[in-house]
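The two complexes that follow have chain A in common; it is paired with chain B in the first and with chain C in the second.
For the complex of A and B:
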């Protein structure tokens, strides 16, 4: 199947090039059949890349180690689920996944717009095919995923242990879906600029893709944070890592775009801003991809040093220059149709929200690239840490949460005093109640956390009031039961109430972030079995050591009992897994387990009020002599014998463990981060979900008489 | 066997891409970009009218605020309808 996979990739490049030329020729000459050829090239690109994906996935599933990639990233002992997803743990496989997702989403976009945007769509198609051609070229020239290993390996290296986590396997496809989906509004914006069709029609046609991009990227980021909290041994969910930050940048500008596009749709304002935002988002999505692959910044998530940096820099340069040139030369057509009527209006609130989001983006970008900037200016690489990021991002995040409460309730165009009074009493009261509760309950004053609690309460109060008023009005008009009235209200106004639900989710998420950051208690201790430690009212006792052996690793850990006020609340089993280095000759058949990769299995008790998080660092130094002795006596031990010998070590650890190091964390409201994320995801899904055709027809029909009256009046 | 599969993929892709060139394309929608833009603006205005009505029904807007806003939005919608008619009339007379 090697030949089929390789030929499909070459064919993919040819198809992309044919599609670019046809689309551009069709657009310039007005010949629809050539535009259709371009569009179908996109579908064909998706088809042939699917063939390549299937060939590679089949090789992973049957552990065909004549494929170099399979031998280096899988093994016969890798569970089937991880075999399926091992492909994108490599540079080569993840590039293929990127371009495959791009071609799939782009096919959907060109199909959806095939009868609309006749001027813009061919240019957008050629831009999207251009991205496809670029990535397929990178794959063919620098990172080919289908290479022959001759002779084929007997056994593969396996998947890196850190990646053996379910959310880590879904995380990359979600992130890449987000990145690739953001290239769709980017491409249509370029098309609109080229053709000077800068009204809201391109925004209306690609709005759903922008929202889907936002949803996928946000879900990917959330899954990454969850993986970090429950799998990595450092005890946090966000480390301001360059690659994490890079994924956040287009998400922030994308969020800004999703708000400001409403201003353009309704008022014809902010056209330059919107088109610039969407172009910046597309470029930041490509930059995020570049950071993971170039190795220019150190990150746990990066693929390390590679030769892909220069082509990406060229692409980014071309995108930035052409985008800026198009915006500048079209500035007359991009003039707003209306002006801001009042600073007390929803337009103004959205503008402030945009400024806060773009400000956040700028701060995070500066901090992320600071090592490079400092190296260029001073010759020495310096980096900034979490306190620096917190200093600038926290005030902006607090402002954003307050604005997420103001936006839904303030009127468009001009809010009157009556409007402000009518809509802001409940949210302000909620914020006041949160302030009082915070001052009463919090042991030590934490002003930023308190401000965030007030902001979240304000937003929840505002959105709760919106849901309540809407449901009540519907119930009064139709006599429906309360749950039915709520469901119908949301179902008939999906974009509005889905959006409100996203605000609820984000308020809960920020509540969790603020509480867990400000009131987290961490203790690093060394304990022997039988000893206890007290963390924030919780007594954690090291009951006994644990040691197990399975097909892949040796696990050494601890059994911990957690009690509060004399009642046992949890039994935790943190451990550390030791995976063998492939080099048995250098380190010995048993020694290689202590020289390979080691990962933490976190002992975690989650709860709505707080999480109790524990990790263990067994002291394995004391096994050095024992392991050396075993390796000397059994230098040629086979897999079965290795299992037996590791069992002896595990048994020894269980019976006579040396003191082990523990990190113990009691962190309040962490679960609300994940719950808030789920609520936001649900809201976005509601907002994306299309109205049934019948409902759309009804809306149009219902609007006609009203407009008819207006026409008569006019 | 593998070569046959390669040829099949190549043939399928070629057939898919080239079909618009050897099949007659359906008649083109005569609407211009201008009409599309006005249609989009009309749809946005209709949605704005509905949003304002919902805001009034849920008590977010007072009756006075709502009446003023609704009149303004309807006037803007009427302008759009007139522009749309004019554009379509122009195209109709142009094509005749």
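For the complex of A and C:
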């Protein structure tokens, strides 16, 4: 198996190189058979990388500790679910996942365009295979996932406890899918620039991939935020950490592109801008991967010193220089077919939306890379914190939410006074109502939160009005019932109404962010059983201590009763899990549980109005003497005895707990962030889904050869 | 106005606005930044209210008193260490020997950390420790 895995990686590099050469030769000579070789190389690359993935996953599943990676990132006690995901907790495994996803998505793109874009596609194929060759080379030279451990380990280190969360299965693959999918429009844009075929056809052919990339990356970001809120013990969902920011950058430029491409399709404008946005998005996707791999910036997602920084910098340099050179040399062909007629037009609204998104991207990039910038300028590293980010991102986000209400309803070319009056009365009234409600209900004035509420109400009013008008018109024309008319309206105009749903989702999401940021109440307290604390009208009582032992860890925690206005509303069980350090010799068989990794399990009561969030930090210092005594008496305790001894400690903690530290948070409308995200995801899926006509055409096209054979036989 | 002159005017206004915003961004970022520094560089820092982003490794022997965590941060590859007094959430991976980043100010003989500013780098992700 080891040999098969290693050989498949070497074969993958050879296939990618053959594919690059044949695609380029085919494109230059016009020989279709060489182009086809390039295309098949992409499918073959996906095939052999799938073999490598299967070999490695099988090794994780059967705990084969002769694989160095399995021994260092899994163990026999790791649950099966996490054995499957442990591969991408490592540098080597996550690079393999990246290139495997790239080859899979790229194969789909190459297959989808095999009968279109005949000039552009071979160049795009060679660019995508170039990315594949780069990543496979990195894996082979610097981070080989299939290395022999001789002699094989008896037991592995296990998956870090912090990564044991269901999101681990889906969060990294989603992010990597987003990154890799954004390289597809990038590759086709380069192909279009090289061949000077700069009409909108390449955009139309890759639009779905751009949208899918946006969807996957956005879902990955949202899952990361949810993971942070519901699992990690710090009580937040976004920390402006460099690695988080790195994922947001291509998502922002991708969002800008998905809007401005409509202007190019409709009016033939913004062609330089669009191609630049696609190229920037592709480069930012690679830059995000570089930030994660290189350890160049201090991040909570510590990836340590890595040797991958230099190759990535070289790749980024090549991509930036070649992209800039191609755009500059093709600027005549990229000239717009039309000019902006009026600032009161949909084109202008989209342009403003693009400027706000690119501005956001620039601000976040500046803040993220500021430690490097300040070192270059002043010779000293310095970094900016959350208040600096908030100062710029909050106004830009408010502007974006308002623009998300203007864009869908303002007229193309030039809006008349009548058009403005007809389309903006309802959204403005909704914003006014939100302002009044905010001023009345909010105890203390929070201007930015209030502005965001108004923006969200404005956007919801505008989009709601569009849904209502469309449904009403359809009912008038067909006599359908209201739900059927609405469903048919959305089904027949998926791109348009899917997009509107995304706007609804984003408005809800920003509503949740604004409310939970401005009106959150946090208390840090130390309590003994029986004591209570009041947080924003909620009485939280520490009823008793809890202590349990399972196969992997010792858990110490608390049982909390939450009541409001005298009525019990929730029972929460925050706890902290103590996983053993592998070094039993240094710390002792029991002491190692207090010297290994520890993770918080949050006690969370979610609701549409507010979340009540609690975490506990048990005081384990008082166990020091007891643990030392046990370790001295039972230095060779086996696993079963360790379980019994840990049970004694857990019992002692339950019966006589020292005061524990608690963080308690009451945060309004957090659930709306996740609901808004789900609505936006649904909208994007509707927009991506093929139109019924096209879906039928695909079915017919797929069955045509079979039909032909059947007719031939008859 | 002549359409070409109108376009030039718009371009100048847009570029002017962009330059102004960029200047504000640069100015505020340098003004609001916390300097990243090591324990050795910080050992003789004055108590002038400036905040620093201290990075280094946690020295064994840290202790909690009520809600306050007392620990020392030493050089990544050296012996110089400085004492830090911290209140707020202690990240799950916090341990002796772990690499931390914390925003601090000098107060008397030690350093007081900004609330909730402690970040502990997770050493296990992407590092391949030898298995037993």
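Definition applied: the second predicted complex is superposed on the first by the 692 of 714 C-alpha atoms of A that agree within 3 Å, B and C clash if a C-alpha of one lies under 4 Å from a C-alpha of the other, contacts with A are read in each partner's own complex, and residues count from 1 in each chain.
Everything that follows uses one rule, which is that contacts are C-beta pairs under 8 Å (C-beta built on N, C-alpha and C of every residue); 3 or more make two chains touch, one makes a residue touch a chain.
Note that the structure is a prediction, hence the values are computed from the model and not measured.
K.L.:
Which partner does A:433 reach: the first (chain B), the second (chain C), both, or neither?
P.N.:
So A:433 meets neither chain B nor chain C here.
K.L.:
Is A:200 contacted by the first partner chain B, the second partner chain C, both or neither?
P.N.:
In the superposed model, A:200 contacts chain B only, not chain C.
K.L.:
Let me test your reading of the model: by the given contact rule, A:7 touches which partner, first (chain B), second (chain C), both or neither?
P.N.:
first
K.L.:
In the overlaid three-chain picture, which partner chain does A:380 touch, first (chain B) or second (chain C), both, or neither?
P.N.:
After superposing on A, A:380 lies in contact with chain C but is clear of chain B.
K.L.:
Looking at the overlay, does A:116 come into contact with chain B only (first), chain C only (second), both, or neither?
P.N.:
The answer is first: A:116 touches chain B but not chain C.
K.L.:
Touching A:477, do we find chain B (first), chain C (second), both, or neither?
P.N.:
First partner only, chain B.
K.L.:
Is A:526 touching anything from chain B or chain C once the two structures are fitted on A? First, second, both or neither.
P.N.:
second
K.L.:
May I ask you to decide whether A:157 touches chain B, chain C, both, or neither, giving the answer as first, second, both or neither?
P.N.:
In the superposition, A:157 contacts chain C only.
K.L.:
Under the touch definition given earlier, write down the residues of chain B that touch chain A in their complex.
P.N.:
Residues of chain B touching chain A: 2-3, 5-6, 9-10, 12-13, 16-21, 25, 28-29, 33, 36-37, 39-41, 43-44, 46, 48-52, 54-55, 57-62, 64-65, 69, 74-75, 77-78, 81.
K.L.:
For chain C, which residues count as touching chain A in their complex?
P.N.:
For chain C paired with chain A, touching residues are 3, 7, 21, 25, 28-30, 32-37, 53, 55, 63-64, 66-67, 87-93, 95, 99, 101, 103, 116, 119-132.
K.L.:
What residues of chain A sit close enough to touch chain B in their complex?
P.N.:
Per the touch definition, chain A meets chain B at residues 1, 3-4, 7-8, 11, 15, 18-19, 32-34, 36-37, 40-41, 43-44, 47-48, 51, 115-119, 195, 197, 199-201, 204, 265-266, 268, 409, 411-413, 416, 418-419, 422-423, 466, 469-470, 472-473, 477, 493, 496, 699-700, 703, 706-707, 709-711, 713-714.
K.L.:
For chain A, which residues are in contact with chain C within the complex?
P.N.:
Within the complex, chain A contacts chain C at residues 65, 68-69, 71-73, 89-92, 94, 149, 153-157, 160, 162-163, 232-235, 298-304, 306, 339, 359, 362-363, 366-367, 370-371, 374, 377-378, 380-385, 387-388, 391-392, 524, 526, 576, 582, 595, 597-600, 615, 617, 619, 621, 661, 663.
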